[in-house]
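Here come two complexes built around chain A, the first alongside chain B, the second alongside chain C.
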Partner chain A sequence: MTSLAGLGRPSLIAALAFAGIAAAFAIAGALRSRRDLAEVAGRAVLASWAFTVLASVVLLQSLFAHDFSVEYVANYSSRSLSGIYTFGAFWGGMEGSLLFWTLLLTTFTVIALRQARARNSRLVGWSTAVLAGISVFFLILLVMPADPFARLAEVPGDGRGLNPLLQSPAMLIHPPLLYTGFVGFSIPFAFAMAALLSGNLGETWFTSTRRWTLFAWSALSIGIVLGGAWAYTELGWGGYWAWDPVENASFMPWLTATAYLHSVVIQEKRRMFKVWNVSLILMTYALAVFGTFLTRSGILSSIHTFTEGPIGKWFLPFLGIMLVGGLGVIAMRYDSLRSNDRFDSLMSRESAFLANNVLFLAAAFAVLWGTIYPIIAEVVTGVRLSVGPPFFNSVFIPIGLALIALTGIGPLISWRRMSKGAFVRIVKVPLVAAGSVVVGLGLLGVDSIGALVAFGACTFTAIAIGGEFVRGSRVYRTRLGLGWVEALTETLRRNRRRYGGYIVHLGVVLIVIGFAGGAFKTERQRLLNVGDSMQIEEYTLTFEDVSRTTTSEKEIFQTTIEVSRDGDKVTTLYPQRNFHLAQQQPQSEVAIRTTPVEDLYVVVAAFDPDGAARIHAFVNPLTWWIWAGAAVMLLGMGVVISGNAPTAVAESATRSTSSEPAVAGVR
Partner chain B sequence: MNATSRGSSPGRLGHAKGSLRGLLIAGVLLVLASSPALAGPDDVTNSVSQKIMSPFCPGLTLHDCPSDAAADLREDIAAWARQGLNEEQIIDRLENEFGPGILATPPKDGAGLVAWLFPIAGLLAAIVTGVFLARRWTRSTGATEGPVTGTIDPTDRVRLEAELREIRDQA
Partner chain C sequence: MFVLLGLVGWAMSRPGSTSFYMSTSELMALGPAQSAADDSRVNGKVVPGTIENSGLETTFTISDGETELPITTDRPIPDTLVDDADVVALGKLEGGTFVASEVLAKCPSKFKAKA
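Here is the complex of A and B:
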């Protein structure tokens, strides 16, 4: 297959040129209120997108053509790599992932601007400028320090191949979803900035990007869960979350975005929190970019490697411009953003939303601080310190449990005000249920305080949410004479946003139940010869056999482990220890027997020279609930996204300070 | 839902408080009755390797690091535990060998203390700010002023109408 790699770099340069034209003309069009300039900007956005698509196609074609004269192709693919993972190599390395990011950004830009032109052209001009400006930055990276089409002087006969750990179905989906989430937030960010720059400070910027926000948040949520699933099934340490800086980089914007999704409801219902909401969306997008900087700059290895990394020094000015510019326009419009509306009472759903936001922001700050503290400590003291899971668990778990409890309390409190007596009465049932569960589990021998609190909080929230469904359905049962199932369907159908949100909350509860199960995790390591057994909890694992096969990619050493309980055979597991030929790298393939009660997780950590296998076995209670909870969350997100956009809340009542007339965007 | 319309009686409230108090006492007794289990070499290895960052996998604890070198170091820790070293002694030995950066948590003194204090200070500041803002944004009179500016969702509307009808019927 002839490689088209020669077209790659010119395509990127053309994409950059058109993005620059789009930004310049969009700014000029917005400042001078010139429709013709805005139309040029719209066409330039389309051209930039087309050339980015072309560059992406060229990179993919180079990967499939095994054009190892391209450094990226030589570093992240090989002749023996299967087709699907050759496709995944597109985002397997830094340069490719940045191109993928840019492809998503330009695609989302074209779609969002086209939608916005139909709905609200007043924001299109400045939105085009912001989105094209972001594209310019990423295209500069691709043209200068992170060129995916850089050539090698000496062309190798074969490539290094993709890291074996990345050769997993979850890894094919996980990075694109994370990038979709990160890039997706650029749309509400751009429209928020456009609202501030243009002075159209009503609710349009968030109502018109509501589905984008939900889409980005959903993609990020699923991406994070899939990352956990990948870690669980591929890394072989029996867990799914390690508070690794790369994980934290995706979690921080998720926390602020979740805060935003809640606080924007207050603006929608009460026209309050306007400054807060634009600040949150700025923070979310800045954290998404900051996370990319953290994981791509090399700064996490050491402060000294930061300037040596190819793209690190490019990110800081971009982040600086984004933050200073964003905060600057918020300050510029501060007086116009202030709300005259007030809370009626501290005991109200508005206060619960505020508490929710405080906790989410505290959680985001704790994660951010723990992630960057080693860098700060090294700069200040010259000594490299570490911040690992024990720190994050100590500071995050209490906040997380408070958030779970608040998830249950929030829906129970009425808008505007609620008497203390009514509050006590309505929380009585969930609280007694939660207390009963805690006491019951304690009597059954559960002695982990953290787990008991988590189970209690989850019970409280699940009962509270269940109660909301029951109360909602009862009304339709009484009024329309429906059965429970029909009434529940009617409740969901008539208010998808609210009840879809509750389904998402139920998913979170299930996930937290799965996390709490981690408190009862057991693990054992033994060196076993064929025929030997080891015990973990009530399971007996017997090393029956090992077989060896060789493929073009790897040597596979597959063990046969018989699992029995009280003398009865339960199952047979086949964990592998493989040796990848291209990378000269060993890798374990985990074997898992999963049930809602517990997972039996078996890894061959190594083989001794005499053939004995070092078996690492785990019993992970309730892990299944994490994946079940994620599925429930996904269902809930689908229900929310399918719901109607919020009714325009008296947009006309919000006086616009804009002098900018409607300008046309992309066609 | 408008729970304020349901009202409450002192008797019910007292009963609820009694139930909650009983649960609280039972919970406290439960905590007091629980006792930690004794740790074997495997448990010591697992516990230590979760408190130590891996010198071989940046960003991961020794426990989570999948490399062969990490597995060897875990074996060394298990051997030290079998020799009778306790967790603290093993961690000290590792810190002496690899430096303070191997500890998964910053020390709770000196520069490390800042790492612990900042999140606590941040949380307290956030709570104080939240309470301050909530009080500032709350009407002093307690009276509802002006029209409701938001929308009422269909379920709330139906429930509200049903409850109002109930009140009218009772009247």
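Here is the complex of A and C:
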């Protein structure tokens, strides 16, 4: 197969040129209100997208043609790499991942602008300018310091192959989802900036990008969970989250985006929080770009980081321009953004949303602080420090638990104000349930205070959400004379945003139950010869056998481990310790027996020269709930996204659950 | 705001929250008295041929190009711990050997050859 690699760089240069033209014409068109200029910009955006697609196709073709004269192909693929992972090598390295970023960005830009034009939106002009400007930055990176088509003077016979750790199904989905999330926030960001620049300060900028925001947020959420699932099943240390700087980099924009998703509701319903909302979307996008930068700068040491390249110094000016420009336009429109409405009462849905925002921002700040503290400390004191998981856990657990409790309380409180009596009546049942769970677990011997509080908060919120569903369906039951199931379906169908949101909340509750289970994990390490046994919790693990097979890629050492409990056979696990030939690297394949109660997680950490296996076993209670919760979240997101665009503001919206189910989508 | 700062301050002061991050030369220069006090993180590259597994222990030597430091750990080691891998180990210096409670390693294939 001949390689088309020679076309790569010219395509990128053309894409850059057209993105530049698009930005320039869009700005000129918007400033002078000239339709013809805006139209040129629109066509240039299309051309820039087409050339980015071409460059991507060329890179993929070079990968599949095994054109090892391309440095990127030589570094991240090999002849023996299977087809699907050759595809994954597209985003497996730094240069390719930036091209992938740009491909998503230009694609989303084309789609979002087309939708906006169809609506005759007045935000098209400036959004085009902002989005094309972002493309210009990423294309400059691709043309200058991070050229994916750089050639090698000496062409190697085979490539180095993709890191075996990345050869996992989760790795095919996790990075694209994270990038989709990061890049997806470009759209609401660009429309927010366009609203400020053009002075169209109504609600259209966020209502019309609502689906984009939800889509980006969902992709980011699922991407983060899949990253955890990958770490859990591949890395073999028995955990799923390590507060690694790069994990934090994906988590920070998630936190601010979640705050944003909630606070736009206030603007929608009460026209408050306007400055706040544009600031939140600016923060979210800045953190997404910052995350992309952290991963590629080499300024923090992490197992995730890419090559220590010269990319870092390019990102800082870009981030600077974005923040200064963003804050500048917010300041410019500050007077017209200020809300004229005020809080009626502390006991209101508005203040619950405000508390939600404060907590999410506090969490984002704490994570940011822990992530960049080493950099600050080094600059200020010259001492290099690192911040470990104990810091993040200490900060995050209290904030997280407060948020979970608030998730239960928030939806119960009515807009504007609520009387104490009504509040007490509505929290009574969940509170009693939570109390009994805590007392019950305490009596059963659960002594971790953090876990008890977590289970209590989760019970409270789960019951509170359940109550909302019951109250919602009861109305349909009495009004339309439906059965419980039909009434429940009807509730969901007619108020997708609201009840979809509750389903997402329920998923989060399940995930937190899984996290709380982490307080009870146990682990054990033993050196076993064939025939030996070890004990962990109530499980007995017997090392029955080890077999060896060789493929073109790796040598596989598969152990057979019989698992029994109280003398009864439970299952057989086959953890492997493999050796990848191309990379000369060992790799453990974890074996997990997963149940809702607990996971038994077995790793062969090493073989002794005499054949004894070093077995590392973990019992991780409730981990299953994390993945189950993520699935529930995904379902909820689907329901929310399928919901209608926000309805007009219900000025008189009071507590809408019991009396007025027809008031659409509070969430 | 104050609550948040208080929370962050309290969390920073908890044991294990922050630790020094040093190269092997910097760690050895500190001397045993200071470096034995708290856990610190040390960074270097695995000296080829030094990784050995015996029983539940793994030993290897890392170097920053100037000073070599033997490391021993009974914790699971990452798959990326191979010759020349970039390692960050968390632990304490005890009698010339760094006893690590956590070892992170970055795969060398992720690095471009230094020109």
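Just so we're on the same page, the second predicted complex is superposed on the first by the 639 of 667 C-alpha atoms of A that agree within 3 Å, B and C clash if a C-alpha of one lies under 4 Å from a C-alpha of the other, contacts with A are read in each partner's own complex, and residues count from 1 in each chain.
By definition in this document, a contact is a pair of C-beta atoms (placed from the backbone, for glycine too) under 8 Å apart; a residue touches a chain by one contact, two chains touch by 3 or more.
Since we're looking at a predicted model, the values are computed, not measured.
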| item | value |
| --- | --- |
| Fit or clash between chain C and chain B when superposed on chain A | clash |
| Touching partner for A:84 - first (chain B), second (chain C), both, neither | neither |
| First (chain B), second (chain C), both or neither touched by A:387 | both |
| Partner chain in contact with A:584 - chain B first, chain C second, else both or neither | second |
| Chain B versus chain C as contact partner of A:237, first or second or both or neither | both |
| Which superposed partner A:344 touches (first chain B, second chain C, both, neither) | first |
| Partner chain(s) touched by A:163 [first = chain B, second = chain C, both, neither] | second |
| Contacts of A:426 with chain B and chain C, given as first, second, both or neither | first |
| Contact breadth on chain A, by residue count: chain C or chain B | B |
| Which of chain B and chain C A:525 touches, first, second, both or neither | both |
| First, second, both or neither for A:605, with chain B first and chain C second | both |
| Chain B and chain C footprints on chain A, overlapping residues | 235-237, 301, 362, 365-366, 369, 373-374, 383-391, 394-395, 399, 525, 586-588, 605-606, 614 |
| Sites on chain A touched by chain C in the complex | 75, 160-161, 163-165, 235-237, 301, 303, 305-309, 362, 365-366, 369, 373-374, 383-392, 394-395, 398-399, 525-527, 583-588, 603, 605-608, 614, 616 |
| Parts of chain A lying in touch with chain B, wherever the complex brings them together | 235-237, 239, 242, 244-246, 268-272, 300-301, 341-346, 351, 354-355, 357-359, 361-362, 365-366, 369-370, 373-374, 377, 380-381, 383-391, 394-395, 399, 411-419, 421-426, 428, 431-432, 435-436, 438-439, 442-443, 447, 449, 452, 468, 471-472, 475-476, 478-479, 491, 494-495, 497-499, 523-525, 586-588, 605-606, 614, 646-647, 649-650, 653 |
| Complex interface listing, chain C residues touching chain A | 4, 7-8, 10-12, 14-22, 41, 43, 53-56, 58, 74, 76-80, 82-83, 86, 88, 90, 104-107, 109-112 |
| Chain A partner contacts - residues on chain B that touch it in the complex | 1-4, 6-8, 12-13, 16-17, 19-20, 23-24, 26-27, 30-31, 33-35, 42, 45-46, 50-51, 53, 58-61, 63-66, 68, 71, 74, 78, 99-107, 111-112, 114-116, 118-120, 122-123, 126-127, 129-130, 133-135, 137-139, 142, 144-146, 148-151, 153-155, 158-159, 162 |
